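Labels run A, B and C following the written order; every chain starts at residue 1.
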Amino acid sequence: MQALTHNENWKLDPARCFNPEPTWRQTATELYETVKDLPLVCPHGHVSPDLLADPAATLGSPADLFIIPDHYVFRMLYSQGIGLETLGIPASNDTNLPVESDHRAIWQRFAENFHLFRGTPTGLWLTDELINLFGINTKLNGVTAQVIYDQLSRQLASAEFKPLALYKQFKIEVLCTTDPPWASLEQHTTLQSMGLRVLPTMRPDGVINLDAPGWVANIEQLAQVCRIDIKDYASFIRCLEDRRTFFKQRGATATDQGCQTPYTERLPDYQAEAIFERAFRQHLEPTDASRFSAHMIMEMARMSLEDGLVMQLHAGSHRNHNQFLFEEFGPDKGADIPVQTEWTNNLYNLLNTFGNDRRLSLVLFGLDESAYSRELAPLAGHYPALLLGPPWWFFDSVNGMNRYLDRVIETAGVYNTAGFNDDTRAFASIPARHDVWRRVTCNWLAGQHLKGLIDREDAGEMALDFAYRRAKQVYQLDK
Amino acid sequence: MQALTHNENWKLDPARCFNPEPTWRQTATELYETVKDLPLVCPHGHVSPDLLADPAATLGSPADLFIIPDHYVFRMLYSQGIGLETLGIPASNDTNLPVESDHRAIWQRFAENFHLFRGTPTGLWLTDELINLFGINTKLNGVTAQVIYDQLSRQLASAEFKPLALYKQFKIEVLCTTDPPWASLEQHTTLQSMGLRVLPTMRPDGVINLDAPGWVANIEQLAQVCRIDIKDYASFIRCLEDRRTFFKQRGATATDQGCQTPYTERLPDYQAEAIFERAFRQHLEPTDASRFSAHMIMEMARMSLEDGLVMQLHAGSHRNHNQFLFEEFGPDKGADIPVQTEWTNNLYNLLNTFGNDRRLSLVLFGLDESAYSRELAPLAGHYPALLLGPPWWFFDSVNGMNRYLDRVIETAGVYNTAGFNDDTRAFASIPARHDVWRRVTCNWLAGQHLKGLIDREDAGEMALDFAYRRAKQVYQLDK
Amino acid sequence: MQALTHNENWKLDPARCFNPEPTWRQTATELYETVKDLPLVCPHGHVSPDLLADPAATLGSPADLFIIPDHYVFRMLYSQGIGLETLGIPASNDTNLPVESDHRAIWQRFAENFHLFRGTPTGLWLTDELINLFGINTKLNGVTAQVIYDQLSRQLASAEFKPLALYKQFKIEVLCTTDPPWASLEQHTTLQSMGLRVLPTMRPDGVINLDAPGWVANIEQLAQVCRIDIKDYASFIRCLEDRRTFFKQRGATATDQGCQTPYTERLPDYQAEAIFERAFRQHLEPTDASRFSAHMIMEMARMSLEDGLVMQLHAGSHRNHNQFLFEEFGPDKGADIPVQTEWTNNLYNLLNTFGNDRRLSLVLFGLDESAYSRELAPLAGHYPALLLGPPWWFFDSVNGMNRYLDRVIETAGVYNTAGFNDDTRAFASIPARHDVWRRVTCNWLAGQHLKGLIDREDAGEMALDFAYRRAKQVYQLDK
């Protein structure tokens, strides 16, 4: 094996993600040809609307684009002992960690450790972006780092690499953002007036989870935008309902919320009121926050049933597992670790209250793959209100998708799933992420077809469903 | 891709379920040729003996055959908002749901939604039945529905499609039914006198689970057939023992029982008596039913050890998860949802009492695949009394079987597994279900052989074991 | 299919473990060629140092070599009702079980049941050893048993099959043993003086788990070698620290410990002291042992951080599940059954105390595969101190390794894993076990490469990492 450190012909296999068996690859390619150029439907993600609405916004330096905002990237570097401060991650004010400000040095550090991403989805997305978006043709490593940095910098400064230009180049048909309930949504209005379908999604975690950091301040922000004096549980609920209406008027078709355990229970109003009042006085009792969260899942379902917003529920992450990192650098720093997640019993109350009502669309996301075939597919394959979201986070990967398809489709079929979403805050990675999903589903369908389990016609229909139609239908973006 | 709505050449790939790689497919085909025409051994299922014993019985209309009795089919339609009443499922008397009685309309509804079954085992079985049993050569959909209904109706009215004629055509060597302990088993006697090996299996769930619906009435029925006055725990046990003897005399080789959690614990007699007495008085305390069930697993094992009946245990389903559906339509309506299942600790008492005794054969079935490699294979690969049943329910599927084989055989080997059973109430699907198992095991063995992990001789022996011999040996049907 | 009972051409496929698709097989073969002859690095295992240090030691009879010491082998025979006493396994003194002493008869019993190992890793290793180490060319079964026994016996009596000769033939670069903290390590000194890198590993389970059989005697042994009067918790800790230093001086680079649940919690000193004192008085309270074990995981991590020894933690086995077998035959008799294992919450205290400190290397091993992608890979892919060990025990198998690679690498990458270890007490199986790992990793990398997910250069580097370099680096054997 030769040393290929200066491989000047860095390429991606046009048949990547496909089974190498010739007939399989051929069939996968044929299916992929029918979906690869479809517009991108992005019903859930974390791109900031400012990036698109602010005419002055740019993607910044290569480090700004690829490293500093992306916890998929820096958590892997951190796992090998590379401090976040050396990667330019802003540290909290009370710390004296020296945060690296030289973006060339950050990039060098990253490039020297690019081998850490071998075989990871992050590695695949980064490679796709560097080669196909930026035209880099030399493999990234410590030696090539600075030459590549120069090229990237030149491009990022150019007009074609302005966020809005890329948005159009990416053929994004619709992009849903994730916004706190107190967001003004002004950028969405601006963007819509420009003909861009950028839609808000209300994520009320900061106010419905009573132990959320800054809950009191969040409630104040909420009260302010609602012009309601949130003085008790009833006014809180009224305010949330108002904001849902506001979001809907601004184009929202969905809400989203997160929880560690998807336990659901409707509290009697007097209990909900008492807990809310204790939160207000900052005197929460030990189980108050979790009971209130369980109650608010029920309440959000009730509201969704009334106003028709799709309800998304992301469960199973132990957030901020690393206290040191949380204190120094804040949340979303790659230290959210999945936990075992039980759905059958936890969702019992919700499903027995709302699960038979087709007016509700509840899309579930989990991080415990053992529940795919055991609980999630059987639940989605039975309850009219339930849908299963695509593989999430660590499982937004080639193998993760294959496991999902193998475990879910036999029981739930395609039509109880919700297509794909990229769930990303890394704007430039959106096409790469959709492309992996389109490739993997086409390859999986090719296999199912060649194994005689679905005919060619059905494979073709399912490819379109996976790539484009399911997401659009489930999130009511076809209306 | 052309629209193939009227594909007049509806076919199934003769190499279905096989890996498309040419050598692999060839080897799988060779192995499959040696097992595909073997008689069917059906040691566990839910076909009604009346269907065969009653000379007037027919398979009814296409809706009677394919839709109304099959919760695999209608739960998928229900998940998309199609009410069970519109599919002809009988509703409870106190409801005013208008139950569809037009079987053509039911069939039309089903056909229009046949795409829901793309990629599901139900879709594969239905396609196999329509093409290979009924000779349908036009793909089922909303347009072709009525023409196909006509053809099916003609055939179902003919002599060749009488249940007994199909039984012979299917080459069923032995068919075990599942019967309550108070069953008279007259039909089994009739069928046996006709030379058919149709054997009863005692399933005492309705009397050993004290919270079973209609427990008091069940006990009365049991007492009546036993001619024992069940007045206490001791007479209850005596009665069960009597019925086991009766079943054995009528040809039974096995019992079966279900539980949500496979916890096992022998209660002291006085506690079992006290609980039983509370059940009688309808004053059960909260944990009584689950403690008594745990106790009765121990008791059934003791009896099996004494009378030699194989003991089957199906664990891990949260039955009737959907209360609305249960109240309107009753049990077994596709709303049984799996739960996490722990075996190592739960079976500890049972295995330490009976697990080393080779006279007991306990066959386990679960719905939590994560336990295959973690608990079930290691347990079956150690305890002489323990065997692992085939993939159950949602996992009676191509991918489900492949996962089972990959996770189980390396640790338990073939000879601590129990072959296949179809577990079906859909009589006409029996050959299709066995065929999938035979195909998948042969394909898996072909892969193991081509990967150099087993030689050709062993692959051939294992193919016979999987397809035919294990089920016969484990259930003592070779005696 | 012909009967091949006397196949005189027993062979192993040179491309075993490789995907049969021609290009895939070719690429796997090319990668494998680069690693197959690398020296064996064995950082964790259970070979007795006496076997190598005692000039008189031999591998004994074929039964001594292949059956009597290997619980992988006899637990499978036991699962089919073959009593351990009939296989020559020594029974306890108070039993009157007649232990078979005729090794030819034991071998015959084993050979007649060799089909039980079809498709198991044990079957693959045994076949590899018989064919490639001993040159047997007739398939083992009841008919060929005695001829093969004769040939094996002749060879085992020869000089080439002395343990030391095999050690050299196997190209073992370094072999780490597992030793109680009171071990004198004299054999290690002897072996090192002979130029053999045989290193001890301290496994303190017998003294840190207060409910370990013989705890009092173990403490006495420990006190004796330490020349410290262990009279309280403080002297116990001092003694352990002394022994760690002693082990390190004798070449140890790691410790190892086992637990059923990996719960971690630092007790206040006064509580640790009180529990230790109760253990001394043999008056343990119900939770004392488990709390002390949780505390000692923290303490061992602290010590590792101070002295630099790599810390291994093996969790998730319910040891000695079969009481009868434990009483008759003792521990390690194939009756250790895995249980569900939770890591995210259980390791929370440890990781928040030591997880960010790169001076600690904690290598985790588990038996609950559902935790690979859910907890272990995300944890190892974040915490600098954490590494994930190779698939353990039941998962040290072709399919087990493939599942591990598919579930772990995408999230943790290669560089948060710890390479391979054979973990065996079956000395002669060491090359076969490493060979399976090398083959499976090369085949998996070939697949990743042919699917376009890693380039050829990276595949080559990762093959070396998996086969050789990771183990050496992680266990500091490159120093």
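As a convention for this text, a contact is a pair of C-beta atoms (placed from the backbone, for glycine too) under 8 Å apart; a residue touches a chain by one contact, two chains touch by 3 or more.
Being a predicted model, the structure only gives us computed values, none of them experimental.
Trainee: Same or different: at the chain A/chain B interface, is the fraction of residue numbers used by both copies above or below half?
Mentor: Different-residue interface.
Trainee: Could you work out how far chain A has to rotate to sit on chain C, using CA atoms and steps of 5 degrees?
Mentor: Best-fit rotation on C-alpha atoms: 120 degrees.
Trainee: If you average the CA atoms of chain A and of chain B, how far apart do the two points sit, in angstrom?
Mentor: Averaging C-alpha atoms per chain gives centres 40 Å apart.
Trainee: Scan chain B for residues touching two or more other chains and write them down.
Mentor: Residue numbers touching two or more other chains: 21, 340, 370.
Trainee: Can you list the residues on chain B that touch chain C in the complex?
Mentor: For chain B paired with chain C, touching residues are 21, 23-24, 34, 340, 342, 344-345, 348, 351-352, 355-356, 358, 370, 373-375, 377-384, 386, 406-407, 409-416, 447-448, 450-458, 460-462.
Trainee: Looking at the complex, which residues from chain C come into contact with chain B?
Mentor: Touch list, chain C to chain B: 1-4, 7, 12-21, 75-76, 78-81, 115-121, 123-124, 139, 318, 321-325, 334-335, 337-340, 367-370, 394-395, 397-400, 403.
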